[in-house]
Structures are given as C-alpha cells and as structure tokens.
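Take a look at the structure set out below.
By letter and in written order, the chains are A, B, C, D and E; residue numbering begins at 1 in each of them.
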Amino acid sequence: MFAEFLQYMLSGITVGSIYALAGLGFAIIYNASHVINFAQGEFIMIGGMASSVLVAAGLPLWAAVILAVLLTMLVGLALEIFAIAPARDADVVTIIIITIGASIFLRGVAQLVWGKSPRSLPAFSGEEPINLFGAALARQSLWVIGVSLLLILLLGWFFNRTLFGKAMLATSYNRLAAQLMGIGVNKVLTLSFGMSAVLGAVGGIIVTPITFTSYEAGIMLGLKGFSAAVLGGLGNGAGAVAGGLLVGIAEALGAGYISSAYKDAFAFVIILFVLFFMPNGLFGKRSTERV
Amino acid sequence: MSLLRVDGLSKAFGGINAVADLSFTINPGTIHSIIGPNGAGKTTLFNLITGVYHPSGGRIRFQDADVAGLPPYELARLGMSRTFQNLQIFFNMTAVENVMVGAHLHLNPRVLPSLLHLPVVKRRDRECRAKARELMEFVGCGAYLEADSASMPYGALKRLEIARALASRPKLLLLDEPAAGLNATESREIDEVIKRIAGQGVTVVLVEHDMKMVMGISDHILALDYGRKLAEGTPAEVRQNPDVISAYLGAGSA
Amino acid sequence: MRLTGPHIGLLATAAIIALLPLTFPNSYYYDVAVSALFNAVLCVGLNLLIGYAGQISLGHAGFFALGAYVSGILTTRWNLPPLLALVVGAVLVGTLAFVLARPILRLKGHYLAMATLGIGIIIFIVLNTEAWLTGGPDGLTVNYLSVAGWTLKGDRNWYWLAGILLLTTVWLSLNLIDSAVGRALRAVHGSEVGAAVVGVDTGRYKVLVFVISAVFASVVGSLFAHRNGLITPGIGSFFHSVELVAMVVLGGMASTFGAVVGAVILSVLPHLLTSFEDYEAIILGMIMMSTMIFMPKGIVPTVLRLLRQRGGAS
Amino acid sequence: MLEISALTSHYGRIQALKGIEVTVAEGELVALVGANGAGKTTLLRCISGVQPVSGGRIRFDGKDITRMAPELRVGLGIAQVPEGRQVFGPLSVEDNLRLGAYRRHSKDVDADLQRMFKMFPVLDTMRHHPAGTMSGGQQQMLAMARALMSRPRLLLLDEPSMGLAPLLVAEIFRIVEALKKEGTTIFLVEQNAYAALGIADRGYVLETGQVVLADSGQRLLSDEKVKEAYLGL
Amino acid sequence: MRTMRTAGLALAMAFAATVAGQAQAADDIKIGSFVSSTGVMGYMGDQEKKVLETYVERINKQGGVLGRPLKLIVYDDGTEAEKAASFTKRLIENDEVDVIIGGTGTPQTMAAVPQVERAQVPFISLAGGIVITDPVKPWVFKTPQSDKMAAEKVFGDMKKKGITKIALLSENIGFGKSGREQSLLAAPKYGIEIIADETYGPKDPDVTAQLTKIRGTAGVQALFVFGAGTGPAVVSKNIRQLGLTEPVYQSHGVASKDFLRLVGTAADGFRLPVDGLVVADQLSSSDPQKPVVVDLKNTFEGQYKTDVSTFAGHAYDALMMTVDAIKRAGGTDKAKVREQLEKTKGFIGTDGVYNMSPTDHMGLGLDAFHMVVIKNGDWVLSD
C-alpha cells in the first residue's frame, strides 16, 4: 500500500518537476513583461531535439547540451526582438496570438530541419532504477528533480543576490521606477525571454531520456507549464514550482487511484476549483483597481 | 431628512487606515465639497459610498436604507451615480453611446427584442439618443455629438462622464475632481454646469482641489486629513480654520 | 431607412455570398465555402464575447463539440428529429455555459484564459473517453439533416443554408451591438466600474454574452455534425479553440465583419497552403505573427481606418 | 544645465504639454508649481525620457537628449524622485538603494550607502525590511535616497510632500535645502506652492500644459495671481 | 465596404487559381491520397507519403501503367478527421482522381467513407480499424491487418504459453483506443480475461502510476500494451524501472526501428506481432513475401536514409494492389477497378498475402503476422 503510494508520489514529483520548470519559464517572462508566452513549450522541444540530434551526430553529451542551450537561448532572444517587442503595447489577446503563431512557426521549422521521428537521449547515469522503500525511482528522475531544484535555487540566488536579478524584479514591480533608476527595461525584457528559453532548453534536455522528444513534444508541456504558472499565481516563481508539482502529483494520484483515462482532467478540475475560490491562483498577489 | 448619512465609516488597506471612523451627513438639494491634501482619503471615501470598495466598518445610509456593501449597479438603481478622477470612459464607443449607457436603467433592455431590433426597441433607442444629445449639450460637450470618445480632448471627456452619470437620473451625484486638468476658463464652465445640475434638484458631492471652485459653489465643505474629519462647515468657516490651512497649504504658511 | 456602414456591409456580404458560387468550378469549392461560413457564424458569436465584451475564451471549441455531439447522439441513438436535437443541444450547452459563467467570469485576463481552456479540455477528454456514448476517438457517424421528411443533401444546398445563416447571424449581431444590451456589453469592456456606477449589472451581462456565444457555437456544432456525417473529439480540442480565437483576433476584435473575414481567411488558408507541404506550418505561423505585429487591431479595423484616413486626407 | 524649448507631449490624442520653455542653471533650485493635471509630472517624465516627446527639444549640458534612452540619461546624471514614491515594495530598503546606484559600477557604492543612512537614519533601522512596509514618509525618504545613490547632477523631485504630515513635509524641505547647499541642481515640482517657492531660486507656474508665469521664487510667492490660483483667496 | 467586396472576390480568385493550376493532362492515371504526415500520427503518415511518392516515380520511370503515367496528389490531413473529409472531397470533385489511397488512421478513413461511397471511387485505407471493412462497403478496401487480428495473434500466443489473466494498457486516442476495444472483444475467444484495463496519453511523460496500479492488481500474468509512437517507449522504460517481471506484449504499432532506437534494450524480451516487412532479412528465402519486403526496405532506406516501418508497407501494398487492379481492369473505369480490386487473389504484399472477396475487403489472414521477440534491441522471429 505504502509502496504504491510512494510510487505515485515519485512519479508525480518527477513529472511535476518538469511542469515546474515549464511553469517557471512562463513566470519569468510574465514577471518581466506581462506576456504569456505560448511558445514556451517549443523552447523545451528545441532543447530536447537539438541535444539529441547533436548527440546522434557524435558529439559528447556535455557539448551537445551546451550547444542546444545556446541555440534555444538565441531562439528566445530572437522571438522577443522580432515578434514581441514590436507589438509591446498591443492587447493581451493579440500578443497571445503572436506567441501561438510563433509556436506554430517554430514547430514547423523543427519538423523541417529535424524530421518527424521521435528522438531520445541516453540516460545520464544508467537505466538501473533505485529501490526506495519498495518503490522504484529511475536515475534520470533524480537528474530531473535534482537539476530542477538546482535551477530553482540558482534562480533564487540570481533574483535575491545579484544586482541584475534585482533589477529584473524591480522592472516587474514597477517598470517606471526601474527606468528612472537607469535600468534598461527593454534589455531586461529581451533577457527574460533568453532566460526562459534557457530554462526550457535545460528542462527539455533532462527529460528527453525519460519522455523522448519530437517536433511536437512542446505543445503538451507548454500547456501544463501554463497551468502550473496560473495555478501558482502568475508571476510568482515559487508559485509556479508549487503549481507544477501539484499538477504532476494530482495526475499521478488520479491515474493511480481513480482513473487513468481522466488523469489530465483531474489536473484541470483542480485548477478550476482553485481559481473559483482564489481568482489569482494559490500565491498570486491581489490587485486593487484604482479608480 | 438627510439624503446620505455616513456613520463611523472605516476602510483599511493592508493595515493602513485610508478612511477612519468618519461620520457626516449630506442634505438633499445642496452642493457639498470634500477637500483635503493628496492621499487624505477623499477618493477612497467616494469608492466606499458608491460601492466600488467594501467598507471595513461603519454604516452608510442612503435615503434611510442601509446601503453599505451594495454593488455599484444597485446603488445606481437607488439613485446614486458618480464620475471618476481617473476617467472611466468607454473608449471603445462613441461619445453619445457613452451617455446612452448611462440611461441603461431606464431602457430596461431585453435580449430578444434587441436581437431582432423590434420597433419598440428602435423607438426607445431613438428617444434615448435624443436625450443623451440633450445631456451632452447641457454639460457643454455638444460639439462632440458624433465623435469617437477616444478622439476627444480631456476636458470634454470630463464633461462626458458627467453627462453619462446624469443620464442615470441620479438623486445624488458624486464628482471626483471635475476640474482637475482643466484650465481656468474650463473650470469656470464646469462651475456653471455643477450649479445647473444642483438647480435641477440633484444633490452634488464633489472632491476638488480647485479652491476657487470649492469656495465659490459649495454650500457645505468637509475637510479630510489622514482619512479623518479635520473640519466641517460653510466655506467661510472652513477657510478660517487654522488646521485646514496648515494641512492644506503646508506647515508654517498660515 | 438610412443606410449606415453596417448595413452596407451586410448587403455587400449578401452580394458576395450570392455571387461567389459563379466562380466555383466544382462542389469542392462549395465544401470549403461552407466550412468557412460555419466558422464565420461561430466567430461572429465568439466576437461578441471576446471583441465586444472583452472576455477571452480559449475553450469555445468545447461548446461547439458539445453541440455537435448532442445532435449526433440524439439523432442517431435516440432517433430524435435533427431540429429538435439542435434545440436540445443549444439548451443544454446554454445551461452549462450559464452555470459555469458566474464563477469563471469573475476571473480576468490570463486567469480567465486558463479557466476556459481547462473547461474546453475537460469536455474534450469526456468526449474522447466515453466511447459508449460518443464513439470515442474513432468518431460518431451522424445522419443527414432532415426536416419533416425532407433531407438536406448536397454541397450547394448546404452552401445556401450556411450563407443565409451567416447573414442572419451578422444581422442579429449588428442589431444587438447597436442596442442597449450591446452598449452594456461594450461598456463592460470599456470600463467595468464605469458601467456599474450607472446601473449596468456587469456580472449579469458577462454571463449573458458568454451564454449567447456558447449557444452560437452549439448551433453551428449541430449543423456541422449533420453536414460532415462524422464527428470526432478533435473538433473540441484546444487547438480548435485557439484557431477560433485566432480567427476573431486576426479579422479584428469588436468588428462583426472582422470576425467574418478572419474566419474566412483562416478557413481557406490551409487549402491554399497545401502545395507548400512541409512549409505549411511555417507559413501559417508567419502569417499569424506578422498580421498581429503590423495590424494589432486586426485586419478589418486597420483597413477601415486606413480608408478613412485616406478619405479624410483627400 | 537643462534647457527645454518648445516641448510638446501627448497621451494618446490628449496633448499634455503645449510648448514648454524652461531652463535650469547649474546649482539652482527651480520650482514648478501648478494644479493637478497641469502637466508637471508629464514634464518631469519627458526630462527623464519615460514619456515620449512629440515636439521640441531637451538639452542637458548643451547636449540634445530629446530622444535618448532613459537609462542613458541616468548615466549622464539625471535622477528623478517620482510622484507617489514608487519604491520597489517587495524589495528591501537596502536593495532599493543599491538599485539607485545601478548605473554606477564603482566600489564606493557602499560608502554612499552609509552616507544615505546617515542622512536618513530611519532607513538604516529599516535596512532589511521590505520597502512596502514603511510609512508614506519613510518611503519618501527612501525614494529620495535612492535617487541620490546615482550621484545625480540634476535631481528631479516630483511632489515630495504629497500625502505627508506637516512635520514630515518640513523635514523633506529641510533635506531639499541641504542638498541644494551641497551643490546639487534641483528641479522641484510641488502642489505645496508656499513651501516650494519659499526655498526656490526661481519658479514656474504651469497651467494646462503651458508655462503661465516665470519669476524668482519670492516674487511668485507674493504674486496675487498665484495666491488666487491656489487658495481661491 | 467596396474594398471588402473586392477583397472577397480577390480571395475567391486566388483560391480558384491555386487549385485550378493543378488541372492535368487527360491520360494521367490520377492517384489521390490523403495521409496524416503531421499531427499525432505524423510519424506514420510521413512514411506512407514517402512510399507513395517513391513508387509512383519509379513506376513512371518504367513506363507507367498501361502506358499511362501515374499522377499522384497527396494532401496532409494533420491527423484531423474533418480535414480528411474535406480533402477527400477535393480529391473527388476538384482533382477528379481515379482512385484514392489514404486515411492513416481509422477516424480519418471513416470521415472519407461516406463520400467515396457516394461518388463511387475505389478507396484503399491504410488504417487498422475493423469498422472500415466490417461491415463491407462496396468501394472501401484496406491493406493493414486489423487491430483485431493483432490482438488475436497476441492472445493466441498467450494461450500457447498458458496465460489467462492479463492487464491491458492502451493509448487513450486513435490507434490504441480502437485496439483496446478490439482486444476486449477478442479476449474471451482465447479464454483470456482482462483484469486490469488502464490507459495513458500519447504525450504522457510518465506512466508509472498506471503500471503501479497494474502491479498492485492480483493475478496479472502478462501485460499487453496497445499503442504507437513514443508512448509505448515510455511505457517500456517505466516497466523496466518498476522491475515488472511478467511477460510483456506490445502491439504491431511499435513495429518500427524508431521504437527500438528510443527504448534501447529496455524492451528486450517483449513479444509483438509484426508483418513481414519488419523482419525482411530474417524471413526464410522460401517465403513468398521475401522479395517484396526486401525490395521495399532497400528502396526506401536507400532513398530516405531512415528505417522503413510497417506503415510504409501499408501504403506500398495499397499502391501496388491498385496498379495491379487497374492493369487487370484495362483502364481506370472506376467500377471495373473496384471489381478487380475485389477479385484480388494471392497478391503478395508486405503485410501478407491478400485474398479479397465480396465479403472480405481486407483479405489478410492471421498468418500475415509473425510473432517476434525483442532481443538486444532488435526483432527476432519467434513463431
């Protein structure tokens, strides 16, 4: 009984970590620019695809990872510079459509360049699972959880300890004041896309040995990341992580104890209920309209 | 009998009292002004009276009914309307349509007849439009009858908001800084508009920084500072009040 | 009656619908035109919600699919007459939308987007899973539309039906927008608090427009089911919802004709792009992005403004 | 030092500034007074570069900065204390101050930090608290200290006394005077006309986007027109 | 408003021009096709499209059919049934094709069926759903073995091994969903009881929850996984991760080298039914299928540098059978081609040997499947 529960939890936490990383990507961009980037999932896909293509081409894993992350970052920066920045003052829905267009575009390019076959990466440290009180834990899951944790801590350090990180936060809290401090707000916004892309790429790389990847692998992860970010409260990094874990665990427990067919539905039912009672997500800040 | 009676009204935002234990009454058919330095809680008070904010404590009685906590559209039905310091114009509509929305309560629209544009709907719409034009003329933005609200100058938008509020046929009209951003001539004209509104039996409450206007048209003035009542009385009384002078003009200027 | 801009637009649309078949070499063109017209009807309804009332929905395909499935199930399994099934579908979907609307429409912006997206996905999962009722992913075969013994067959007939439906819908939408109800809806978009203080029960109007647009979707879904003969859960997917929103936004929010133009373009585009094969997605993505970057207000409003400016200058 | 000529600016279709002519010389304290909505804040924002200019020119040290990016202007030595304080609420007081020195990459930031703590002792005691938890007056101190962290040559102050108790207002003005004595050039926007004109070398009166009066501070203070405009006397 | 009319007209004209540009010389034999070369089934449809293109070109180089060149028109339905229906109409009405090959999945196929029946165009589907040819529809044929046959082949193998109680884990859309239904129907015939019935999503990152539930179900003797694409690969890895020891059966949906590449050795020991193409090299030289499958494999892999999968074979069989029928019909008269398709006997394809009849429009027997076991990341014949 307990082993079963533990297994569900492990599964939930592994998947939840992936969602958390995706959600964090949404949060970073939303924080800086109040844009919801529906192409976030494509960053994950590009990271995974690029790295596995490079490994297949004979590069050592570390080199493939670095190149894939760089490539994804460039894509993220380019997206902001060419598609988001020119439309910065447009309606929320308009920008949503732009990012959706971008995601269709990126998917199309990936399909053209890398083909339609699914791809994989070898597990970083072997396939042999670890036994944990009767539950089995894949080594790669440890990588996923570990790297996610590391990235989250790294982001925490960046935002709390570095001047540039604080400048980014300052931009999100008060764009006007940030400009008056001499913070290059446009640069911050562009960089937020770069960071988000890096985050997505790393996420895509570490999960590829578990979930594999293909040119359309980003859609579902993007959607789940968005759910995580909204559930946690938009613009709240810790909230996005909590939201991602919650969605992952809800899915695993739902599939295990209730019905695997309705696994995805549980996650969305939970999100709906949370939003009905907390319209700004679990940890979102309440805003009072000033009139 | 008082039209509006406020008793021990309070509103706190995250531990800070924007309005604290405030009591006053407003009698029908008069012009009231609420003055005080920036951040004294005037707009918060307006938001509390008109149902935009929920009070943290205290009572608001409008025509002897307890209305604290009622949503704005219910209050509008009871005969209360207002304008805003930060304009709340429907920029996605024409000027005259803005005013027609003001008459919403009196059109009592139904969906099916509206979808089919039944003659009765058309007729009432026509009447409503005519009335809205009249109101625009009345507040002095008759030059913009056919304009898109987004293309109108600031001063005209302020008047448009007043016309919209009037279209709901309020008994009590609250104006939040009607003269802010207007030049001297425009202020003078708004002055006249307010007097005319009051002349039609509508009770007016205004928040205003333009002292000349306040002193000139008010029957009664309430001065606030830090969300509390500082002074109250006729313009002459308030003008002489040393607390008001020091709070409003700055220390040492009296 | 004085002819105003919208009425000229309505006449022009009628003329296009009447004359367009002259250019159709075969019934495949009718087929594409019918799907474009259906999408246009749906988008005119969705535009009331998104464009005029300013409330986004990323789950509208769910209502479309529900309408289609209710019609499909009731006519094939319970042998209900199609028109009755269509009405039952509309009532069911309307009721569902009504129940969901209050809690959902308290949400704003991206939170509202998330909630509507979630509802759409839940509907999709149910349709996909409950195969005993819906046929699951393999789809549900639906009979032709027949009324009192007369069966609607053939693309030409569907074309005229869809055309008349679109004209009616556009007419209703124009009427509604130019009425006190429509003004209240637009006021909700312009400023909720501004509308509330003059007596507009903004909550009620948001619910109303949500229900109206859901019913639109349901009715089109029912007709779509009868015409297509086979429906799959895919019609209720997230992608279809996004596609519908893209049509509205691309054509121009808060413009009834914008919704029509957007729907027509995005319905016809995939058929035009087939010859690009693997480049299709890239081109579609580029078109979506560049239209929104260069015409953030959408095609029709931008074109109209340019025309007006040119008219004003000359 | 600062020369503004024929400056115009719009919010959408609304023209907020209608051809402003203002100069501020090195070491001067110039006050800008006017009613709510007269365009004072807009003018300051134009100078800082966060509000687009639709016509006219802004020169700083003779250099045309009309179209310069806002962050570069901070680098030139223009700092603004914006209306309503605009501190970064969730960040600590110290972080707010350090962000004030964002454009400076020298090591003496820490020394400046100490200087600020000395000038505003309350900030030292609140050093690690989130700025948002401080009172309005304390936030105003922080906003000023934060601007000073950039070692500005021209300090733009927007309504520093707004919403403050009289005692605090006096304190703020004492500090403004002290800064002026230290040689900082100050351009001060105030509704509290008496206090502002009282300490200013020169003053401008702004009405609906236009300068209607320009004179020395003392003369404006005794000007009947100013009295009339502000007190309805 | 004038512009709107102009715009509308321009749009219609552009539309007309693009499509009309495809009008062709009259003596072409027009093969119409719609496959899912993008979307969920993209990895299947992509191979189908490539095979059709390759072999049409090859046939044309060899002088065409009855001296007439083949003209291939392929559309991508994006794995959407509604698009498939629309493209079918386009093929029939606008391109006026002589025969239609396509429908990567069952929903896409079924969306086309009413139209081909009405227009009376011979149609060969590439999908596995049994509903396609059962009941028989005059104009509809299909090449792949049905899901039902795959299930029966697997159950037969289980029966031989004395397995009676199994867990079924299937993909919740398309291929796996219909496989699940057929499995539930076919199981009793082989005395097999499905005591755990779980599903997973095609893009699920992890299915250990479902597998844990199965592991917790008492009495499960074997696990049958029915799905295609990356899903079964994830399942395989999770099975290894949880250390499940029960025998594992997969469906023919994973009979591609892609699957082996993804799972590495994680699927070693798994058994599955495959068609001849997958084990081309291992077939005995006396096997009549041998030359056919070897030819397709070499041609395809030579041209595209990627491994051929079972889906390519479906399209190959459909095309070759069509050509065969047209030759026998002596032309493209639709009724005659249909008749000849129905009379196909002993036609050797990659999926097996086809024997069509008025009551069987698929024409394959259970012997079309070979059981293989995965060893060291490769298929090994095992029956």
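Going forward, a residue touches a chain if its C-beta (ideal position, glycine included) is under 8 Å from a C-beta of that chain, and two chains touch if they have at least 3 such contacts.
For clarity, every value in this text was computed on a predicted model and none was experimentally measured.
Listing every chain that touches subunit C and subunit D alike gives A, B.
Steps from subunit A to subunit E, taking the shortest chain of touch contacts, total 1. In terms of the distance between Cα centroids, subunit C is separated most widely from D. Among the remaining chains, the Cα-based centre furthest from that of subunit A is the centre of B. One finds 73 Å separating the Cα centroids of subunit D and subunit E.
Separating the CA-averaged centres of subunit A and subunit C is a span of 32 Å. If you average the CA atoms of subunit C and of subunit E, the two centres end up 34 Å from each other.
Listed for subunit A are residues 111, 261, 264, 291, each touching two or more other chains.
Touching of two or more other chains is recorded for residues 129, 193, 280-281 of subunit C. Residue positions of subunit E touching 2 or more other chains, listed in rising order: 38, 172. If you check the complex, the residues on subunit E that touch subunit A are 37-39, 42-43, 46, 172, 198-201, 203-210, 212-213, 216, 229-230, 233-234, 237-238, 240-243, 258, 261-262, 264, 266, 306. On the subunit C side of its complex with subunit B, the touching residues are 172, 175-176, 178-184, 186-187, 189-191, 193-202, 208, 212, 254. On subunit D, the positions that touch subunit B within their shared complex are 12-15, 35-38, 136, 159, 161-163, 165-167, 169-170, 191-192, 194-195, 207-208, 228-233. By the touch rule above, subunit C contacts subunit A in their complex via residues 50, 56, 103-104, 106-111, 113-115, 117-119, 121-122, 125-126, 129, 193, 238, 242, 245-246, 249-250, 253, 278-289, 292-293, 296.
On the subunit E side of its complex with subunit C, the touching residues are 1-5, 7-9, 11-16, 18-20, 38, 75-76, 79-83, 85-86, 89-90, 92-94, 106-107, 110-111, 113-114, 129, 131, 172-174, 177-178, 181.
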